[in-house]
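Alright, structures below, take your time with them.
Look at the two complexes coming up: subunit A is in both, with subunit B in one and subunit C in the other.
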Partner chain A sequence: MALTSPRRAGRPRLRRFTRRDLAVLVVLLGIPVLLDVAIVWGPTLASIGLSFTSWDGIGDIHWAGGENYRNLAENYPPFWPAVRHNVLWLLFLGLIATPFGLFLAVLIDRGVRFSRFYQSVLYLPVVLSLAIVGFIAQLLLGTDQGAVNTLLGNRADPVDWLGDSRLNIWMMMIAASWRHVGYVMILYLAGLKSVDPALKEAAAIDGANERQTFFRVVLPTLRPVNVVVGVITVIEALRAFDIVYAVNKGRNGLELLSVLITDNIIGEASRIGFGSAIAVVLLTVSLGGIVTFLVQELRGARDR
Partner chain B sequence: MTADIRTTAPVHRPAQAPARPAGPRRRGRWGVQIFLAAVSLAFVAPLLLAVYASLRPYQDTAQNGYFSWPSHLSFAYYRQAYTESGMGGYFVNTLIIAVPAVIVTLFLAAFVAFAVSRLRLRGGLVLLMFFTAGNLLPQQVIVTPLYVLFNRIPLPWWMSDSLTMYDSYWAVIVVNIGFQLGFCVFVLANFMRTLPQEILEAAIVDGAGVWTRFWRITLPLCRPALAALATLEFTWVYNDFLWALIFISDPGKLPITSSLNNLRGQFFTDYNLLAAGSVLVALPTIVVFLLLQRHFIAGLTLGSTKG
Partner chain C sequence: MSRRNVLRGAALGAGMVTLPALLSACGSGPGGGKNEVSVGSNASDAVPKKAYAAAFDAYRKQSGKKAKVNTKDHNDFQENINRYLQGRPDDVFMWFAGYRMQYFAEKGLLTDISDVWSSFSGFSDALKAQSTHDGRQFFVPYYYYPWAVFHRTSLFQQKGYQQPKTWDQFIALAKRMSKDGTPVAFSDKDGWPAMGTFDYINLRLNGYDFHKSLMAGQEAWTDNRVKKVFDTWRELMPYYQKGALGRTWEEAGQSLQQRRTGMAVFGMPHPGSQFPENERDDIDFFAFPEIDPQYGQDAVEAPIDGFLVAKKSKNVAAAKDLLKWLGTPKAEDIYLQYDPNNVAVNSGADTSKYSALQKKSAELVSGARQISQFLDRDTRPDFASTVMIQAIQDFIGDPKDVDGLCNSIERQKKTIFSQPVG
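What follows is the complex of A and B.
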């Protein structure tokens, strides 16, 4: 993600590798490449293949053509809510949590007192497992003695924050943001620390106010961080699983594509072909993010 | 390795971020302080509540709610959570998975990053894309084929008592390595690009092979980035939940995140006990973060943006 090129013209090309060098290269590049093929890319392709079959995981595999996809769209009630929830999750993280993390980073980067303390506290939720976050959400939002209901003073008629299927998805997104904000903040903080102060001074001399300086000068130089944060946001939104699974196994208003896949694959039904079809839908959505990212990176690499 | 080439390295070390001059003190400072304090409070409040709940008996909170003056505080729930959930054993399981996974991932990723960013291999960029894009795929997309695959890979009895890759630590370790490689390659490649190429050129003139250039010259310079990544990766592997849920069936091999399930009763859930369990589970990652915090932020600073 280097912004400027350290490469100079006229540098002599690297010498050809010795035989020992080649051996090292083949082994140490070969192992990770094979691993990535075996663990990530191979299974991805296999998933796409399986999505056109019907299979219970034990018996024979039958070709089913587009049957799974048709069933998915037409006779699988949780599917469309799950798609909606995934999109909502993405929008929430992207439009609210991520900008908020950036905002906090900017405030802390201005050199306020106790900045180290704020930084640690805000980052703390990131190290928690989503399963724990899910549990803490129950502690806060439960109906019987949940802290929020106690605070609202409606113990006689508590709001069912986690059980009400119109409310719970919002609560889960807030809980997920609790971690997301801290992560985004630390990435931006790292980025902001390395912005050359001379840039800001130059902008100030040219008469830019603080806001203009930030949006026109600082933010563009953060492009590499923006890309990383954007990707993380998309991925986090699509991968969301643990937290809803910890709360109510992802049912009753908390359907997500990831939950549906897990249910179909490891549930008693074990409808692997069908689960794979959902996985392919998820894959298609995430490919949008991945391709955008790769295009950005390639462009950046070409500039270098 | 006293007289190795590393001793000359600090001369070429990339400049540290310049010391930040004290910012101008202006009006509005107080507003910012109050705002940040309020947000910080909102961020720790749930954690503090969990700690507070874990110190109080169930009857107390059941009667008076979580916002009430405690009648009695004790660490009894912690002892109970620890013994009833079998946390010790699960914690060992997590270490058995996390330690090799993190080390191997960092080692392999460092070499790939080195090859991509320092050796100017043809196709290096493609390789980088191959790994990075792989890391971005949703976990659930690859779950089924892996499940089937692991069930069909036999392992000798001394490696796995299930005799297959399925239901063994190996499955979870290998998946974690494969899946996390992409992210580490991405971060390390970016970091290594910021190192001056001249060091390597000097080494080549001295006849250093690829391995020496990697192990003796590049890797020592990457310590901050490696420290940051190790912290992140440890947290992620430690907190992982899905892989173990799918690839392990023997309850005795599950990682620590699953121990919380053992505290969840069938009909009655003692939230205060669960709170104590959660605090115990979260403690190691919090401690690791607090201890390595400085390296962590320094590593990210150097890694993510330095031109």
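What follows is the complex of A and C.
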């Protein structure tokens, strides 16, 4: 759309707004803006402000300067593991679970036998909340009564799937992927169905083999789906809170930034300033992703 | 943004949390509060919930006043306590003795009930001390449960085990059990059960006074006495069942019941609630063994649960009336009839219906020189929950690096305790 025409027409048109138009505008724009400020920007700015203070939620708020951040980096053992785990979670979903979902979608799309059945089975876990997935994981992986250890028959020397901090994060990521893969698969299936078969035929005539056809022709046409899947992967990675909190309150190897925020702010502890500082770190991390995404999108929109 | 606004926001948030309670309170209409006192309850488990219902029912029969109980999930209640006390708390609420109560008294969130205390009888000085802050009482103790080393009598008879008195005997027994394929039960997935063992080793090694000042933040965690606690604890580690960090206390209790483990440092309700009723007579315990003869077995870890009145309580007169009744031996008797996993605090309580285990528990505590609460009840909540849970789990995961662990605890302790209370 040409950007110049509305600008030229803008001025005279503004005068034509009746009082009713204005009222409608104020209501339709004003309420969302107010909500946005109250629900999103207010708390965000409050968190940033509080992160420079020390406050227990009851008494006076004391100015602390950068003390919380210094403490966070130097004195708080769970902090760096949490940052690492957040990154690991993102990488695992992004590099393993999501491609696997795509792989399954391609397989099913090519029409293996019983593909409807596989499709339903793989999609089933998506209806579960991550917290429920966490409970199921505990039933499977519990030290003494878990199904896996019972099957392995190693009662005397059980594998500590959930307690061993070198193992549990992987177990949790696999459990989370169980759900994530199905989700990604469905999205890609929908995308693949809409790929014009003529494109594939054209590629075949040009002498492209199956792999080339997929990576050079099909995948680029899936761009809109890729973007959606990318966003979902990031969101799912940040939402990992539910599953680790259900399993062991996000301690002992399952630390995540979101867990540390909860631990410090909610509960008796009430180190609100300190918790806010962690929240600001998480905000920065998320903003990094969002900004990259927006830049990509805007650039893509301009090219189109 | 001023503090007042923040508080208002917090109060609003609390309002949301307590909204259901609030709505139901409105249901009784104005004036309905006269003969009704509301009680905030964290007794969400079936057994205590039923027992409390019986106790409050007895109060209604006796006084004609109704106690309206608002039960919340135990952990939710705990986690929301800050907002609860600043929002619209019930007239009376259930909570814990010791520092965990004093912390809120210090912040001015509790009502002084010294006048109620003056009518009480049958409470020992140790109990009074646990209910007191700054010379005034804020807490009515109701029941307690001691921590000790629990085991099955039949297993001990079958294998010829003897209850140990000293640390060396204890380690020898643990070693034998581990060889026999029934190691010492151990769990810390929940983050707190292992604290009991830490407390006991510290109490036996360094005495109650050190425990108290360590918990109050007055001692350095890098002190050799603290390191020795961890070093001593490490002697026991090889004889624990494996995988403690992935095991809940319920599972550890069941392993004891199934004779897969030999003994465990627990609070009384833990094995009690995991054994089927017809096997409860088979539970026995011995006091945590002596390490340093200077301190012997003087101290007993016995967390006390009871009742408090929030500063913002709407009906203080009714609240105090209920507390007066709850402080009587009879009120405890009715409760314990339904919950045999605890012991009454009042010396006037009827002990004739006690199980053997309850009798022995009562003896254990009455013979104690000092009563400690529990690590997370004897120190600042922010320190216990954000530092000590992780620290002890780290130690269980890697028991070798005691120096690094103690340094890390001390550094975190300094930042937390430098923040003023109130």
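As a working rule, the second predicted complex is superposed on the first by the 269 of 304 C-alpha atoms of A that agree within 3 Å, B and C clash if a C-alpha of one lies under 4 Å from a C-alpha of the other, contacts with A are read in each partner's own complex, and residues count from 1 in each chain.
Here is the rule we use: a contact is a pair of C-beta atoms (placed from the backbone, for glycine too) under 8 Å apart; a residue touches a chain by one contact, two chains touch by 3 or more.
The structure presented is a predicted model; accordingly, all values stated were derived computationally and were not measured.
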Now for A:Gly163: first (subunit B), second (subunit C), both, or neither, which partner does it touch? second
Is A:Tyr76 touching anything from subunit B or subunit C once the two structures are fitted on A? First, second, both or neither. second
Touching partner for A:Ile266 - first (subunit B), second (subunit C), both, neither: both
Output check: A:Leu104 vs subunit B and subunit C. Expected answer is one of first, second, both, neither. What do you get? first
Contacts for A:Pro125 in the overlay, against subunit B (first) and subunit C (second): which applies, first, second, both or neither? first
First (subunit B), second (subunit C), both or neither touched by A:Gly57: both
For A:Arg239, is the partner it touches subunit B (first), subunit C (second), both, or none of the two (neither)? first
Does subunit C touch more residues of subunit A than subunit B does, or is it the other way round? B
May I ask you to decide whether A:Ala46 touches subunit B, subunit C, both, or neither, giving the answer as first, second, both or neither? both
On the A-aligned overlay, A:Gly191 touches which partner chain: subunit B = first, subunit C = second, or both, or neither? first
Of all the subunit A residues, which ones make contact with subunit B and with subunit C? 46, 57, 142, 144-145, 155, 266
Please name which positions on subunit C make contact with subunit A in the complex. 1, 3, 6, 10, 78-83, 86, 100, 107, 109, 181, 189, 191, 242-247, 251, 254-255, 260, 381-382, 385-386, 389-390, 393-394, 397, 408, 411-412, 415-416, 419-422
Touching residues (chain side subunit A, partner subunit B) in the complex: 1-4, 6-7, 11, 13-15, 17-18, 20-21, 24-25, 28-29, 31-33, 35-36, 38-44, 46-47, 50, 57, 104, 107-108, 110-114, 117-132, 135-136, 138-140, 142, 144-147, 150-151, 155, 178, 182, 186-187, 189-191, 193-195, 197, 222, 224-225, 228, 231, 235, 238-239, 241-242, 245, 257-258, 261-262, 265-266, 272, 275-276, 279-280, 282-283, 286, 289-290, 293-294, 297-298, 301, 304
Using the touch rule from the top, collect the residues of subunit B that touch subunit A in their complex. 17-18, 20-23, 29, 32-33, 35-37, 39-40, 43-44, 46-47, 49-50, 53, 61-62, 65-67, 108-109, 111-112, 115, 119-120, 125, 127-149, 174-175, 177-179, 181-182, 185, 190, 193-194, 196-197, 201, 204, 209-211, 214, 235, 238-239, 241-242, 245-246, 257, 260, 271, 274-275, 278, 281-282, 285-286, 288-290, 293, 297, 300-307
As the complex stands, subunit A meets subunit C at residues 46, 49, 54, 56-62, 67, 71, 74-78, 141-145, 155-165, 168, 248-249, 251-252, 263-264, 266-271
